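Several structures are given next for inspection.
Here come two complexes built around subunit A, the first alongside subunit B, the second alongside subunit C.
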Partner chain A sequence: MILECRNLTKTYRGKKAVADLSLSLENGKIYGLLGENGSGKTTLMKMIAGLVKPAEGEILYHGHPLEYRDKAHIAYMSTEPFYYDYMKVSDVGRYYEDFFEDFDRKYFQDLIGKFGLEEGMKAKDMSTGMSAKLKIAATLARKSELCMLDEPLNGVDYKAREEIIALILEEADDKRTFLLSTHLIDEIESFVEKAFFIKSGELIKGMDLEAERMASGRSLTDVYMDIM
Partner chain B sequence: MEYNTGMPIYLQVIHELKKKMVKGELKPGEKMPSNRDLAVLYKVNQNTAARIYREMETRGYCFTKRGIGTFVSEEEEMFEDLKKEMAGELLRNFIHEMEDLGYEKDDIISQIEDYKEEQK
Partner chain C sequence: MGKLIKYEWRKQRTTRVVILISLLVGLLAFLWGMLFKNDVFAAMVLLVMFSVSLLVLLYTGIESILIFNRDLRTKQSYMLWMVPRSVWEIVGAKFISAILQMLFSFAVFFAAGCLCGGALLYYSDGMKSVIEMAQIIVKNFFEEGNLIDILWFVATFVIAWIEVIMIGFLAVILSRTVLLHSKFAGLFSLILFFVINWIVERGYSLIHAIPLFKDAGNLGIWNIWDCVYYLLISAILFLATGWLADRKLSV
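And then the complex of A and B:
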């Protein structure tokens, strides 16, 4: 087990963003985090990334309480862009290289090429699809054990979406674990192994996709429609 | 590939690969994609890709050379069996559906003949 959340709670202005939430992630799997806007998905990811401190509960990373050092192995991609308009693709690479020890510059350049981006392109001139790809490339070029991507497919055109998914599938080997949040359930149906359904900060259900299909013939979409 | 999302994905990929073998798109002894490539090709995760190969190996459709990769079986009979098996599956479903509609054996055969005639 790479990560375990026990009874996590986070309150913002008296309102519970995450409430008594427990879940665990095994090494080398792709997980989906599903729920409406404001259901607590982002807060949960930020807590795991060490960006937000839980009010209650604990997070165990490889069995020990999450500590500063672990941050180096956990990548989190937020929904907001992390770079400035004036930056070129190459600046984003340098910026990341300064920030993260595990950032692999050469690999970043490979990914950029694969995605059809160029080092000289400016962030402000990019389409939504291009900047989504840039964000993913920068995040995955950190060879982190745990990669959390918050809405990696949102607002991205079909072709870029397929490219992003292909890259995730390539990268998600037995050494890397992925946690993806998305609204596009159909898009992740064929490759997510387990989905967590979050509603009002609470974990409603964990679903093992292939086992559910085998047992009840229900898809991720079917279950989502039923319980959310 | 379009999936029926209510059915296990790994079984659907196996079915697709079997079809490729019967159609000769995957030839005896041919090297199959790596787990990673299979995952990307069929939009599944790498654990599912590994499961697909494990399952196919158990059934004798392919074999693994350690450290080199997975290969399509070289046994000709396996291909013939596979073809028969897949045809059998299609027939079983078809007959079942036709019988559901009230057709009996002879009606079904004449229906097929009529259909083939119209297609000419």
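And then the complex of A and C:
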């Protein structure tokens, strides 16, 4: 097991964004984190990324309480752009190279070329789609053990969406774990191995897709519509 | 920590460029006054440059606080807090970067002042007077020990200002942690900034009421205990800021 969340709770202005949530992630699997807007998916990911402190509960990474050193092995891509205003695409690559030993600069350059981006482009002037591609390229160029992508398919065109999915599949192996949050359930159904359904900050269901299909014949979308 | 400082330093590059351009304009204006024998104009330029140097020193410190606030308030905070570095390294890099920025501003204005002073002497009495003035400075500052006093005075001023910047950092971190859910977090942190400042200055006054500390003053311009006091307070503020960030901060 790579990661375990135990009874996580996070409260914002008296409202529980994440409520007593427990889940665990195994090595080398692709997980989907599904839920409506404001259900707590992003807060959960940010807690695992070490950006948000849980009010209660704990996160264990390889069995020990999550600490700042673990950020070297956990990549997180937020749904919003977050690069410094002055940064160009090349600066983003340099920054990741400076701070993350698992960052592959050459692969990053290959990816930005593949996505039609240029090193001299300014991150803050990019369109939503281009910005999403830059975030994906930087995050996937880290060969991290755990890779969390928050709405990676948001704001990107169909072709880029297919490219991103192909990249995730290319990167996924028995050493890397992926946790993806998305609204586009149809898009991830074909490759996600396990899904977590979150509603009002609570984990409603954890579902092994293959087992569910075998047992009930229901698709991920069917289950989602039933639960949500 | 070097890499963190490098990126913190980069954030104030625009300010540094503006400072250097302003300085260049000032120097050219001064040179113009010298060349065309307009002493009043040249003297006014010098006065303005001296006043601006103090303002720049104050502004660069305040800008560091504003950047710290932005780094916690916006999504750009992820850039800093997602890296595998301890809170102490991150906050420490911010402090060091703020100090370096202030020292840089001070150094360039000091150099410009020396340049103007030298030029003034050269144009009024020739190279001989520049050499004479240099000898006087060396004699007064190095041989008679006045330089040490001047340096201590400058050091005390800089340390006292660093301590004020650290109060600003603490106020920012308070507004983003314990006061986060308050509607008036910004206002509260501003009030806290002044309250902490007032407390620190009260402590300073109390120390100066003790003869042992008061009598340690040299030439009435610096006192070793002032430096010790402000350094101690700065260390406490740093620890409080780091502790709060470590325990409470969510971005």
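Just so it is clear, the second predicted complex is superposed on the first by the 220 of 228 C-alpha atoms of A that agree within 3 Å, B and C clash if a C-alpha of one lies under 4 Å from a C-alpha of the other, contacts with A are read in each partner's own complex, and residues count from 1 in each chain.
Criterion: a contact is a pair of C-beta atoms (placed from the backbone, for glycine too) under 8 Å apart; a residue touches a chain by one contact, two chains touch by 3 or more.
Remember, predicted model here, so these are calculated numbers, not experimental data.
Determine, for the superposed arrangement built on subunit A, whether subunit B and subunit C clash or fit.
Here the two partners, once superposed via subunit A, fit next to each other without clashing.
Who does A:Glu210 touch here: subunit B (first), subunit C (second), both, or neither?
In the superposition, A:Glu210 contacts subunit B only.
Of the partners subunit B and subunit C, which touch A:Tyr68 in the superposed model: first, second, both, neither?
It touches subunit C, and subunit B stays clear.
After lining up the shared chain so the two structures overlap, which partner does A:Asp173 touch, if you call subunit B first and subunit C second: first, second, both or neither?
A:Asp173 sits against subunit B, while subunit C stays out of touch.
With both structures superposed on the shared chain, find the angle between the C-alpha centres of subunit B and subunit C as seen from the C-alpha centre of subunit A, to the nearest 10 degrees.
Given the fit on chain A C-alpha atoms, the answer is 160 degrees.
Which partner does A:Asn7 reach: the first (subunit B), the second (subunit C), both, or neither?
Neither subunit B nor subunit C is touched by A:Asn7.
Could you look at A:Arg218 and tell me whether it touches subunit B, subunit C, both or neither (first, second, both, neither)?
Touch partner of A:Arg218: subunit B, not subunit C.
Using the touch definition from the top, say if A:Ser190 reaches subunit B (first), subunit C (second), both or neither.
first
Looking at the overlay, what does A:Ser127 touch: subunit B (first), subunit C (second), both, or neither?
neither
Look at A:Ser24 in the shared chain and tell me whether it touches subunit B only, subunit C only, both, or neither; answer first, second, both or neither.
neither
Rounded to the nearest angstrom, what is the minimum C-alpha distance from subunit B to subunit C in the superposition?
27
Considering each complex separately, which residues of subunit A are in contact with subunit B in the first and with subunit C in the second?
No residue sits in both footprints.
Can you list the residues on subunit B that touch subunit A in the complex?
So the residues of subunit B in touch with subunit A come to 3, 5-10, 36, 39-40, 42-48.
In the complex formed with subunit B, which residues of subunit A make contact?
That would be residues 28-30, 165-166, 169-170, 172-174, 186, 189-193, 209-210, 213-214, 217-222 of subunit A.
Considering the complex alone, what residue numbers of subunit C touch subunit A?
So the residues of subunit C touching subunit A come out as 3, 6-7, 10-11, 13, 75-79, 81-87, 181, 247-251.
Name, in rising order, each residue of subunit A that touches subunit C in their complex.
Those residues of subunit A that touch subunit C are 12-13, 46, 49-53, 68-72, 76, 78, 80-86, 95, 98-100.
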